[in-house]
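My questions all concern the structure below.
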Amino acid sequence: MSATPLLQLDGVSRHFGGLKVLQDVNLEVPQGGIFGLIGPNGAGKTTVFNLTTGLLPTTGGTIRFEGRDLAGVKPHEITRGGIARTFQNIRIFKEMSLLENVMVGMHAKLRYGGLGLLASSGLFRSEEKRARDRARELLSWVKLDHKGDDTADNLSYGDQRKLELARALATEPKLLLLDEPVAGMNSTEKTDLMHEIRNISARGYTIFMIEHDMRFVMGLCEHIAVLNFGRIIARGGPDEIRNDPQVIEAYLGREEDEASNEGAAA
Amino acid sequence: MLEQQLVNALSLGCVYALFALGFTLIFGVLGVINLSHGAVFMVGAYAAVQAMARFDLPLWAGLLFAFVFCGLLGLLIDFLVLRPLRARNAPHLIPMIATIGVAIILNNGIQGIFGAENVRFPAGVVSGESLDLAGIHLTALELGIILLSFVLMAVLMVALKRTQLGRALRAIAESPKAAYLLGINVEGLFFLTSFAAAALGGLAGVLIGLYSNAVFPLMGQPMLHKGIAVIILGGMGDIRGAMLGGLFLGFAEVLSVAYIGSTMRDAVAFGLLFLVLLVRPKGLFGSMQERKV
Amino acid sequence: MDTLNNFWSVYSNLVLTLGTNALLALSIWLTLSCGMLAMANAAFMGIGAYTSAILTMTYGVPFPVAIAAGMAAPALTAFVIGKPTLRLSGVYLAMATLAFGEVVRIVVLNAESLTGGALGLNGIPPVTQWWHVALALVLVLLGLWRLRRSKVGRAFEAIKEDETAAGLMGIDVQAHKMLAFVLGGAIAGLAGVLNAHQTFFIGPNEFGFDRGVDILTMTVLGGINGLTGPVLGGVILTILPEALRAFGDFRLVVNGVILVLIVLFLPKGIWDPARFRQWFARKGATA
């Protein structure tokens, strides 16, 4: 067990007008490994990501990354600090090629400035080459390198998610936030992605994922937290969560599918 | 005298409000910044002058004619230009650019037909009588402008708040897709809004033409700029904001001319606008909600 | 050689204007490529024109210095108003910059002692040579071309498509928008300087809303997807009024009709590489 958790949410709440989206959320994502956040629709899971990446301010509580308070830090600074994310409703840049999409992720890491760019200096050229090579490498991790020069607007759903993953990796994060990475995929694609995520985890990235697919989460995550109506109702390993009565009730009361998944997996 | 200035400000403000209302309706319901609204305003003035001069019509007929003529013009613009762009879901700045083209056509077309010089309304269309209320001098024209504007604004507010039609329009302003799914005839209401907004604009054109006794092809341009200032001041898409913003601008302009000097008059609108945008972009009443498309 | 001289004496002004219009179109293209519709470039052009003209006329400053000042002044102005204004998005930004443009015009109109007020500035030394314009155009095109192929160009494109996602890629969105805005202002200022020293006279009404609309039209018409588009648009819209002289008073009406037709039928402008690709692909298939 590492001493300081990589990401720590302490009593975090988020209110919007009279609506309490999150209340007193306590979470610790340890360094290394795969952490899962599950819960019925509308529980507030994506809000946790939005708060962590600085898109929304917290109404209360603190979020700490590597021990540092993230309050008031701008999104692009949070990314440069080592947190990257993918989106529930996929936000790739449709008018750029796959390669360019991933290269955008490397923005902060390219070391040339305005003068070098205008004069096409040696540094500019070598950094651009480095970006291109790295982008190809990352695309090969998700098996999209053969489509590198295609425009991103014609990709299948599954490929779009994989592209987002490669792009997030390009920012060289320490913590990777995945928001429903397998939503909309068929079972072959899901199995593929499961392997890829395991590989990525093996390379040393810490992964924090939000997902609905119980089998996927149980199969991948070592630590799981359950969010319901903005509150954490359970925490632990897959077995504990599977058998937690509160969790079962939360899901039974909401989605039939999840409940039958529970039954099958137990 | 301050009270006198206030009357001037009120009449001017009313016309600004009417113009801004049309502009805001189009923005709120159709989601388009219609930069041809100024040109339509100008066409209204010309339409009234022509109708009254050629057919010897009284003022109320001229107003009615301008109202209907511009309404139809607005409908035509919507049908020919805005509707095809809606059909292919163009990003919102594209229709705006198209309306710039329409404005160029109208402004230069009118100039080509009628020349660039000032045109006046036939003499004696407005009665020279005036009212003296508590020491304030109110001409028949000013009284007419104020009354007509308030009646129209009241009708509009009631229609929007209390009728089924008004609710439908507000639903569309919130989200056209959702409104459509609720069974609202969105396209039909778009047409209606285009008609009404242009009609109001044309009416405002006649009133300003009478008030300043000057009708010329480019009269719509400064009005357009002020209209933009007003709707941002009042909050884009907000009807109440447009009305209050128009009145506010009228007062600000008249008072600044009285106390600062007339050369910077036009700068008042823009200076205010700029400041408001910096300090409170949603305007005095609006909310920055992006339309859910 | 004679025909060349004749051509030049008749059309030199047109060619020079062509160059400055292309620069203006490029200046607005730059801000558009970052997803911003900033309508202040006509005002920036005016600031550049007046600054340089006052320097050369009243203080006899050498041309290169005037050019530098004519680019620095609008750039600085852009920086100052950019800070609060660029926070606004889409429509609000367009309106705010439009408003700013009008404020500038009115201020110029009123600062008579400095700017000559409504009468404008007369007798500006006509020092612009064709090679000034050509060089400026080439340098700007080169610079923008390099920019597009770098991380800055990719950042602009990302911001244009999705600001939030771009920010989460580590891109400082506000800084990049400011860069596009300031650089666009400098280029517009450059065009202003070159134009002022070619026409010997400038007046406040040349730099208002209508000018801004003209510039926008050039860019949208030409095609917003690359550098060729704005230049093409600038060329067409400079030549078009000349070509339309036959229509007399109605030539601007035709102008407006063309604009509407382009918006309706050629949404990405005339120069649209994607459309050409499609077109050629189809032809190849039937050949």
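A, B and C label the chains in the order they appear, each numbered from 1.
Definition applied: contacts are C-beta pairs under 8 Å (C-beta built on N, C-alpha and C of every residue); 3 or more make two chains touch, one makes a residue touch a chain.
Note that the structure is predicted; figures quoted are calculated from it, not measured.
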Compute the centre of every chain as the mean of its C-alpha atoms, then state which one is farthest from the centre of chain B.
A
In terms of Cα-based centroids, which chain occupies the most central position?
C
Best-connected chain pair, where connection means C-beta pairs in contact:
B-C
In whole angstrom, what separates the CA-based centres of chain B and chain C?
31
Cα-centroid distance, chain A relative to chain B, in whole angstrom
49
Taking the mean of the CA coordinates per chain, how far is chain A from chain C in Å?
42
In the complex, chain C touches chain B at residues 37, 84-85, 87-88, 90-92, 94-96, 98-100, 102-103, 106-107, 109-110, 209-210, 213, 216-217, 220, 248-250, 252-253, 255-260, 263-264, 267
Chain A-facing residues of chain C, complex
143, 146-147, 149-152, 154-155, 157-158, 161-162, 164-173
For the complex, give me every residue of chain A touching chain C.
53, 55, 74-76, 79-80, 84-85, 87, 91-96, 100, 103-110, 112, 114, 117-118, 120, 124, 128, 131, 167, 170-171
Across the complex, what residues on chain B touch chain C?
33, 81, 84-85, 88, 90, 92-94, 96-98, 100-109, 111-112, 221, 225, 228-229, 232, 236, 263-264, 266-267, 270-271, 273-274, 277-278, 281
